[in-house]
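The following blocks contain the structures, represented as structure tokens.
In the two complexes below, chain A is the common chain; its partner is chain B in one and chain C in the other.
This part shows the complex of A and B:
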């Protein structure tokens, strides 16, 4: 049973940091547990690759300790860390067959042939490579080669962790569906700790049990996909997760009422008096604002966007732009419609961080 | 200012990769070329630009035959998937470069560069070098360079593919607006159906170098003329089921009958392919309508605002859409309920059968 502990890990490439902004990776305390899949998700430059490189040993953190189980590996080189890695581009031996490629990490560890054969067959089956096992890797498509890379990463059952660095970059968009699903079922079948870096929300949310959302060197939320959607702890999570992201509106909040652009919005929980705080915002996802024929807040429709499987309207509530989900048949640009905001899915943010209210 | 492709064909190594393409693009229009990798999008753009010469057919720009006209003498601008800028020139000089080459007066260059920079929100970055810019800013610089040329034909080849999805969402909204007042014919290649829908305008669906449909984007999406157009315009992939109609009954394989659903009452006997998109099916514990299939959940994919549930229904694997984030566990049994008003039916040659059933489907 191996877990990986980030014990106040932080990193600054430029030597001794004095200000918080000097850190490329701000201090993080977290335990990754065996059998779970984690994703590091964020825009370019957010620090996710730095964190992955610290775990793999490419970067020695300027602060904190990295533990594999109880063992301090902070200063150990990569090859002594017992990890498997899958990179953006295929790393395989062109002259070997698919089976030999998959077996290679096991042969290196001198496992018995029957053990190797059984494991290679198992992994090949999971990745739909069985039919190709005796083919040479040379001449296979980039997609197939990357599947072999994934297989090589997954073939050892005794690793502390498998690290994936944007592994679907070279995969044709039409095949990404298939491989995302494959990776997820492989994760369920194998008892490995997996850490997956990506800037693609679908890859992260589909693959991982827990997603670490990173922005500007900081882990702003570590949560299950549903937490990130239903209860973003930071405005960045609301913005970054979901297409389109969450609506934010400056608001005055007191008790279970908020005032937005002169209108009253009901809240699901009870808050203290935040009416004088300038940094208070209400956050609500487009999915939880609906157009109603009953009473609601008056909003003016500025634009209707048809996404095929759903339709969205850009509306103005007072002077506040909002995106709301609308029924299939609704048109009416320029119209004033009544909108209803679901109190149970409306959150209060102070200085970008969600504050928890009291149950009513 | 129309642009016409008249029976255009193109060969690579003796193989016809673009086959008899006929398209007429209207002035000041936005047109999406939608298709998977290798469908011919880039090749068609290169032919339109004059970078390659067609093997058959001709190209007409504003009524004039431009088939043999070299690219330099055409009124065309192109933006590629890879950000292409001159690394040793400032953003200003990058944007100005096509105008310098064309010998435009300095004061005119300055006016146009500043105007384009304002529209693309690069005003404060004009003195930077491309290496100091983010990916989004670099691509905006390349787009500004296409904008200042005031070309009659602007070709954008998957211009946002290399950007983070949040940036992509933002730029996708801006792009049509940026070019809308120029009067140019805009051609935008993408592999993503959602991108085509967001851009709106008109859409050409492409499969293996052939045009399968061309029309207003929402019409092509809602009313695909054939199975190739429907497949290309579906993400996740189109759910499909071969069926046969015999003596009023709809058969799925030899042994399973769907009974006599109203949805198919107007079809003559024969074999067909029934197809529906992920959002035309709901998933639940029990059957709710006449078109339902029980199966086992394989995997759930979560896109941020939506969940796609892959279900093995014995005769194939289908994908259903649920709004919000839900994790249906693998192995769980579930019933797929298909909305019969939103199925497409194709005959054995792949042509859409306009069965009465589909009328009012999107009402």
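This part shows the complex of A and C:
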């Protein structure tokens, strides 16, 4: 049980990369600490599975070092790395019973039979597989099979990390919740380092202590779920996390004032001179823009969306589209309403990266 | 209710096929059935003989019965020998075949080559190849001091026919197994590596179970083809020496066309046919059973 260090790990499948865009995984420096649950979150093709496979040894990175504790394992084959991995689709051994499936990784490592039996019983209990232990794994349903895969990942107590590659893709939504909370409790009980790859933000945010948001081969932000929501460090994080994502508007920023489409917006922090040749954007989540009866910015309502739990309006501020949260009773497409933006939750982005202002 | 017009005109399109089948199969088979219950004194005059031909055939005490019995066990032995060699060898070679890169195409073509050679050429190639005086293979074996003579030694003749079949048809097993192996998702191999499985464990727990379906097909095809083996012994050994390589089809050919013993030949070919049908049915049952069990 150790921490895992990515020391400027980078990977390009094509061999020698010349441009930065040749990297499928751009250089990343990070330490995964023992006992924590991490999520790798990003759209398809962002490099998250590559990163996972580098940790498990299925892919050897073209640059950088991978350390388990102090030991350099960059070039060690998978079977010598103390890693467990659960794949997107259930992988079970057809010819074996559920118990034999769970015992397989332990048996291959020549553990004593009583030790194996005890561990298998323990894991089966955690995953509600006890009743099925003596059944053939072949005839079970997809979610039971995936539970077996999860079980095989969790059964070894000596692993440095358990890696999950979108393990709940094939599971029904109702069971997803159950399995996810089960995994969470298993994580607490076993005190393992878990890394969970997903493109589903709910899955990532509910499972993980820390989320690594990836886009285009780059880890754009690593932080707790609340950080990602309240302080997105990159416009991609603002856009990808939250439903709907953050509003971004081109803005001219001076001191604690921003000018958007001819209107003045008050900011929570004081910024220096940002008038560079790069694009400056003001970012604010829909949750922090409200319709007010008092003074505010005039915006025209174009569309109202009822999500059941909340209602949103797509409005135009000048000619910039914006999504705002609206109260239940409000109607009126085409109306002009006054909106107010919460200064404390505004952020300024230069070339897509958040700039930290000075406290007022 | 959906108001669908009843229209069975599609049956008319099946009629030509029925016509072809009638002339290619049904009429010939009924002719054989006809011969199997009649006897003749020549001059095209037939009389009813009941099930006597069948009784004789299935009674090893009669001459024809003993002959049939010998040929049947010889053929079954041959099928068994070929299956025992070809299936494991085919799987082993499929496991060794390259999985990616330029070598895939080349090796698959080379593997498939023997299957593309016409049967009479196969016979002629091996007939010359195994001659103990001028054949490369035969002369080489004699050269290193072995008693090898296809036309005089029963063991040589048997071995030769088995070797020909292995050379000719193991490629089929290789290609089927190769396709089956390629269909196994990578995740299984990756999971096995992570689970610390040995090469043997991967073979017995992943590859072999996943190959089950294609192997049933391979065994069926190889059984049928070896059970009806005709051309190789016909060209290379002529069924000899003695009757060492007189398999069912060769024997049938001798009785029907050599001796023009129509009653015995008809009864024999019908029993031969029923054996084939039974084996097919068994395999079909196994296959559908596997299908029903799902995700093999």
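One rule holds for everything that comes next: the second predicted complex is superposed on the first by the 351 of 360 C-alpha atoms of A that agree within 3 Å, B and C clash if a C-alpha of one lies under 4 Å from a C-alpha of the other, contacts with A are read in each partner's own complex, and residues count from 1 in each chain.
Here, contacts are C-beta pairs under 8 Å (C-beta built on N, C-alpha and C of every residue); 3 or more make two chains touch, one makes a residue touch a chain.
This structure is a prediction, so every number in the text was calculated from the model and none was measured.
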item	value
Which of chain B and chain C A:306 touches, first, second, both or neither	first
First (chain B), second (chain C), both or neither touched by A:87	second
Chain B versus chain C, judged by how many residues of chain A each one touches	B
Partner chain in contact with A:285 - chain B first, chain C second, else both or neither	first
Contacts of A:200 with chain B and chain C, given as first, second, both or neither	first
Chain B versus chain C as contact partner of A:147, first or second or both or neither	neither
Partner chain(s) touched by A:229 [first = chain B, second = chain C, both, neither]	first
Chain B versus chain C as contact partner of A:48, first or second or both or neither	neither
Chain A partner contacts - residues on chain B that touch it in the complex	36-37, 134-135, 164-167, 169, 191-194, 197-198, 200, 218, 221, 236-237, 277-279, 298-306, 310, 321, 323-327, 330, 362-363
Footprint of chain A on chain C - complex, ascending	185, 187-188, 190-191, 193-198, 201, 204-206, 209-210, 293-296
Residues of chain A defined as touching chain C within the complex	56, 58, 77-79, 83-85, 87-89, 91, 93-96, 104-105, 108-109, 138-139, 149, 152
Interface residues, chain A side, partner chain B - complex	43-44, 172-174, 177, 180-181, 184-185, 188, 199-202, 205-206, 225-226, 228-230, 239-245, 285-287, 305-310, 328-329
